[in-house]
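Each of the two complexes below includes chain A, the first together with chain B, the second together with chain C.
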Partner chain A sequence: MLKKVLNKNELFLFLIIILLIIILTSFNRSFLTLENWFDMIKNNSGMMILAIGFLVILLSGGIDLSFTSIGIFCAFIATDVLVSKNINNMFLAFAISCGLGILMGAVNAFFISYYKIPPLITTLATYAVYNGGLLVISNNRSFYAAELPLWYKKFGAMNIFTITKPEGDKYGLSIYFLIVISVILFTWFILKYTMLGKGIYAIGGNIESAKRSGFNIVKIQFFIYCYMGFLAGIAAIMETSILQAVVVSGVSVVDLSVIAAVILGGGRLSGGYGKILGTVFGVIILMILNNNLILIGLSSFWNEFVIGFVIIIGVIITSIQTKQKSRGISIIKI
Partner chain B sequence: MTNSKIGKTILDLRNINKFFGGVRALSDFSMTIEEGEIHCLVGENGSGKSTLIKVASGALKAESGDIYINGNFYKNLHIMDAIKEGIQVIYQDLSLYTNLTIAENIAMNQLIEKNLKLINSRIIHNISKEAINELKINLDLEMVVENLAMGDKQLVAICRALTHDVKLIIMDEPTVALTRNEIELLFKVILSLKEKGISTLFLSHKLSEVFQISEEVTIIRDGLKVGEFKTNELDNDKLIFYMIGKKIEKEKYSYDEDKNKDNVLLEVTNLTKKNNFKNINFKLLAGEIIGITGLLGSGRTELALSIFGLNKPDSGHIFIEGEKVKIDSPQDAIKLGISFFPSDRTIEGLFMKKPVDINLIITVIKENLNKMGLIDFRSIKSRAKEQVEDLNIKIPSLSAQITSLSGGNQQKVALGKWISTNPKIFILDSPTVGVDIGAKYNVYSIIKKLAIEQNMGIIMISDEIREVMENCNKILLMKKGEIIDIVYPNKTSENEIFSKISGTSLSNN
Partner chain C sequence: MTIIFILMSALMPKTFFSLYNLQSMAFQISGFGFLVIAQMIAIISGGIDLSIVSIMSVSGISAALIMTKFINESSSSGNVILIVILTILVTLVVSVACGFINGLLIGYVGVPPILATLGTMSLFMGVGVIITGARGIVGFPSGFLKIGTGTVFQIPIPLIILVVMSLLVALILNKTVFGLKLYMLGSNPIASIFTGINNKLMLLGTYMLGGFMTGMSAIILIAQANSAKSGYGSGFLIQSIIAVILGGIDPAGGLGSIAGVIIGILIIQMIQSGFNMMGMNIFWTNIIFGTVLIIVMIINLYLERISFREKKTISK
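What follows is the complex of A and B.
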């Protein structure tokens, strides 16, 4: 029975989510309120979007460690352009950020597909180059709330609908939710209903066979790394709008939460395996853990520890599932 | 020797010459395959079989020679040409996507060919359903290939080949990783392909299969075509002769049990382990070669592992030279003079990336230390050299990596490793699996020599009945964990042994 549940990966994750909700709510009622959840959704939209992009790359057997520096780089350039030219246009900001993100992702794809440099090394290198490059270009100049074009604040506060509490303050479901849902659905569609999607899985499953089958490996790899850059561009602007700042500190960290979420969701580092739904659940679990440990009295210092722990658990579960399945029994009937 | 053939010729190779650098891989090679023919290409490892199918499928370009497919002449055959003409190759790795479902695997190449951008599960299902219906097999199309047994994976690969309007399926050693049942199933499928007019060319070095399924046999040796025969014109001895170019001396192993009956090296009484084996009783005398055979799952390997300390029995006793012993680990076994040669030389037998000499002496490395306790490389080299000469191992050099040796020579190194320990009792589990015919007989003579010259007691476990018949003076038959009979090769036959261990009889030969 336990084995069956473990094998239905997504079901297992869903149960974990329910379990977490129950435990946390029992500690603190305010966990299970719309206000808390709308807040979590808004604050973690960036992570969700990045996780989806990361999943796509992982499926192909690749990896991308540069997406955080792509993100901040794009946010900087976009904001810099808007501020210096005194333009207050949201769409322009997104256009610059996403366009630049695609280009930066293309650089990754170029080295990976033409020079056959392993994705791990390539993206580790570009991560450093983009990060350092940003410091140089920006001259360590950051943007803070006062200088940001007005729409950043408006966009960050925009809600799909708003609810007013009896005390008078308001809260609502952020428009970020729509963006996240769109990214999830779009990516899901590509993976499930297009040859491009099948090609991504094929490369991750058996790249030699994919070549023999006739897939355009280069084209597919350009798509996935550029897509990640594109999504990093979107997430970066969204984050900037929440933070009301673009902080260039030179201290950028490869975002472990995103990787943890995808692996917890069933994505395999070796490639070829992983589902959108699993990743969504993985992000939700991390979202719950990231923001709410305080409710059970654990300070934010515990966050990284818990995330690391979660990655280990996720990897162990995946390996148990793989072991279960590798006992091949013949299912042929003639 | 030519045969008159009727019907359409699918593949016609004429005077193919292929060089790799200075080495000639194929020499003036010609071969034809007719419609609906089941043709076997037989040859030792390195004889040029793989090169030939790569040339026939357009994966490699021959230096000279002509290729006709379905009557069409091709000066420079490309892979796509061969595929369009209906030639499909299934390599040993099967080229399947283990992370995708059976349906997706079968349909994949079609989907790409049709140049679709959008797809749905309906299209995939239809394409794959059509293919498996053609073979009249029942597969759960939504199952992920990773979870399948080897035999099923093979069938998926064949179904995929069928989606291309195929005329000739070429299979590279399809039975290597299959169980007996799966092999029978594969042959049924090949026959039903024949009924549809689809020809099969398969590469093999398992002689029993050649006789079981093929109609025509082409024998290749050192890149040359030795001959093309109708299968029923050949027998086992002729086939081996053509394959390796010389006659094999096959002598049974004779042994005088009475003379040696006091020289008991190993005695096993009432050895039992739940779900493994039950009430095992036998004696091994010095200089004896005892065979143990039985179907897969009969407990042969489990028994051997118990004697070597890797599978502790629940009850029963083991006596070494008259003394009762407890063997709880391989180290205990080695101390008592027992050596074990496992069935998988690559995983359990050899350090694939290490050099030959290290592999040969690793078991006795303690004897190759100098006064300070450090490794004495000179002593290692000289010991290794001795072994290589004794066993006639063909190596580029003593420091060559194991992976650079042929299968048969790798096997000899693995054997040599355990012979180094100078065991009194040597247990061999499937010692010639995956090894060429020529090398097989080499290994047999090494084993016989050990028994005769060094008075070793040898237990040979094998599922090739012929092997134990030719090399052992006594054979223990195992079935479902018990010894059901003890037979003597000069008083029984292969057929008889087979019917005892399986409860049925061999269909032919």
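What follows is the complex of A and C.
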């Protein structure tokens, strides 16, 4: 029975979410309010988008450790351009950020497909290069609220609909939600209904077979790493709007949460496994954990520990699942 | 391969060779060097260890806690020495325990090393943060500080420790059964099972040994800094991987020697110190390291292709 539950990954995750909600609400009733959830959704949209991009890469059997630095880099450049030229255009910011993100992702893809450098090492290197590059170009100067063009604030505050509390405070479902849903649907469509999507799974399964089946490996790899860069660009601008700042020197825990979420959602490092629904659930779990531990009295210092713990649990479960599945197939118990 | 690197390091400017500079470089290398050894062992075994900095952090914090709790101004010097020894032991125990957890996950549960150490990296760092509340712990006895900053005949003590340990590790890798098994495990895990190697035990041992090395690095680093904080050494992770790869270790596992790695460490250290001295913006270091990493990988690829072609013609 336990085996069955463990194998139905998504069901398992959903149960965990319900469990978490029950536990947390019993500690503090304000957890289950619409306001709290709208807030969480808004704050974690960036993470969700990045997780989707990371899932796509993971499906192909690769990995990308550079997306955080790509994100911040793009946000910085976009903001820099806007501020220095005194333009207040939201679309331009997104355009610059995403365009640059695509380019930076392409660099990753280049080294991975032409020089066959393992994605781990490539993205580790580009992470360092982009990070250092950002520090050099920005001269360690961060942008803060006062300097940002006005639309950042407006965008961050835009809601799809707003509810007014009796006391007069307003809150609403952020427009970010729309962006997230679009990304999820778009990616889902690509993965399920296009040759590109099938190619991604194929590469993740066995790159040689995929090549012989006629898939254009290089093109597909360029797509996934550029897509990640593109999504990183989007997420970065969104984050900037929320934080009202572009902080150059910080490396957030977001990247770790993203990886944790995708792994928890059933994504496997070897590639070829993972569903969007699983990733979404994984992000939700991490979203709940990240923001609400304080409700049960754990200070924010516990965050990192909990994330690590979650990664380990998720990874253990995934490994057990892998072993069970291969038990029927291979003679060797590894 | 290593010849290229010797050439590269010879190109460094002559201002390098003052005793003071060599000394300060030697001090800096020592702490870092142990981390690199730990990483090297993990990579040879076919894995990777992303948690070394976190293990170092936690061990260092444990050490600091003990020293500050049990030693005060009025402690007798005999007592102090005892506590210091206890501290060193505890640090090593903590770091080996962390390595044990890693090895357990990787060897017995079968978790891929990247993910396992990604998780433990967060876990251990988190523990450190919880304990210290993100503040540093300061104030160590001067005897302890000597470990990190003292010299014997002008040679820094930590360097001596590092050299001794490296020789020990080289011995283990080249002359013992454990070492041989390690290389075999790294180059082909499935074949090694058929050879009778207990993969699980080997991996456990590998990461515990790595933990030990990390513990040593923790001792040296906190002795040098006279404090222990959870944020230390975050740049070291990438640098350790770069050093290992520079040193000729195949990232897929199973190849490489410690000599190469030492050269790798030296190169990184020289690049860093060189930049410092030339007054270059330190932010460039990350860029340089990343680029160097990629260049080295590309060179590796070409060298492999060349030697492969040679092998092909020979077999004809």
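Definition applied: the second predicted complex is superposed on the first by the 322 of 334 C-alpha atoms of A that agree within 3 Å, B and C clash if a C-alpha of one lies under 4 Å from a C-alpha of the other, contacts with A are read in each partner's own complex, and residues count from 1 in each chain.
What we mean here is this: contacts are C-beta pairs under 8 Å (C-beta built on N, C-alpha and C of every residue); 3 or more make two chains touch, one makes a residue touch a chain.
Since the model is a prediction, treat every value here as computed from it, not as a measurement.
**Student:** Quick check on the superposed pair: does A:I70 touch chain B, chain C, both, or neither? Answer first, second, both or neither.
**Tutor:** A:I70: touches no partner chain.
**Student:** Is A:Y273 contacted by the first partner chain B, the second partner chain C, both or neither?
**Tutor:** In the superposition, A:Y273 touches chain B alone.
**Student:** Could you say whether A:M195 touches chain B, chain C, both of them, or neither, answering first, second, both or neither?
**Tutor:** A:M195 sits against chain B, while chain C stays out of touch.
**Student:** Is A:Y115 contacted by the first partner chain B, the second partner chain C, both or neither?
**Tutor:** It touches chain C, and chain B stays clear.
**Student:** Which partner does A:G205 contact after superposing on A: first (chain B), second (chain C), both, neither?
**Tutor:** Touch status of A:G205: first partner only.
**Student:** Tell me which partner touches more residues of chain A in the superposed arrangement, chain B or chain C.
**Tutor:** Between chain B and chain C, C touches the greater number of residues in chain A.
**Student:** Applying the touch criterion given at the start, work out whether A:I49 contacts chain B, chain C, both or neither, answering first, second, both or neither.
**Tutor:** A:I49: touches no partner chain.
**Student:** Using the superposition described at the top, list the residues of chain A that contact chain B and also contact chain C.
**Tutor:** Correct list for chain A: 332, 334.
**Student:** Given the complex with chain C, which residues does chain A contribute to the contact?
**Tutor:** Within the complex, chain A contacts chain C at residues 63, 111, 115-118, 120-122, 124-133, 135-136, 140, 251, 256, 259-260, 263, 269-270, 301-309, 311-312, 315-316, 318-320, 322-323, 332, 334.
**Student:** So in the complex, which bits of chain C are touching chain A?
**Tutor:** 48, 105, 109-112, 114-116, 118-127, 129-130, 133-134, 189-190, 193, 199, 234, 238, 241, 245, 251-252, 281, 283-291, 293-294, 297-298, 301
**Student:** Please output the residues of chain A touching chain B within their complex, sorted ascending.
**Tutor:** It is residues 193-196, 198, 201-202, 204-206, 208-210, 212-215, 271-273, 325-326, 328-334 of chain A that touch chain B.
**Student:** Name, in rising order, each residue of chain B that touches chain A in their complex.
**Tutor:** 95-100, 104, 108-109, 111-113, 116-120, 136-140, 143-144, 146-152, 155, 181-182, 185, 188
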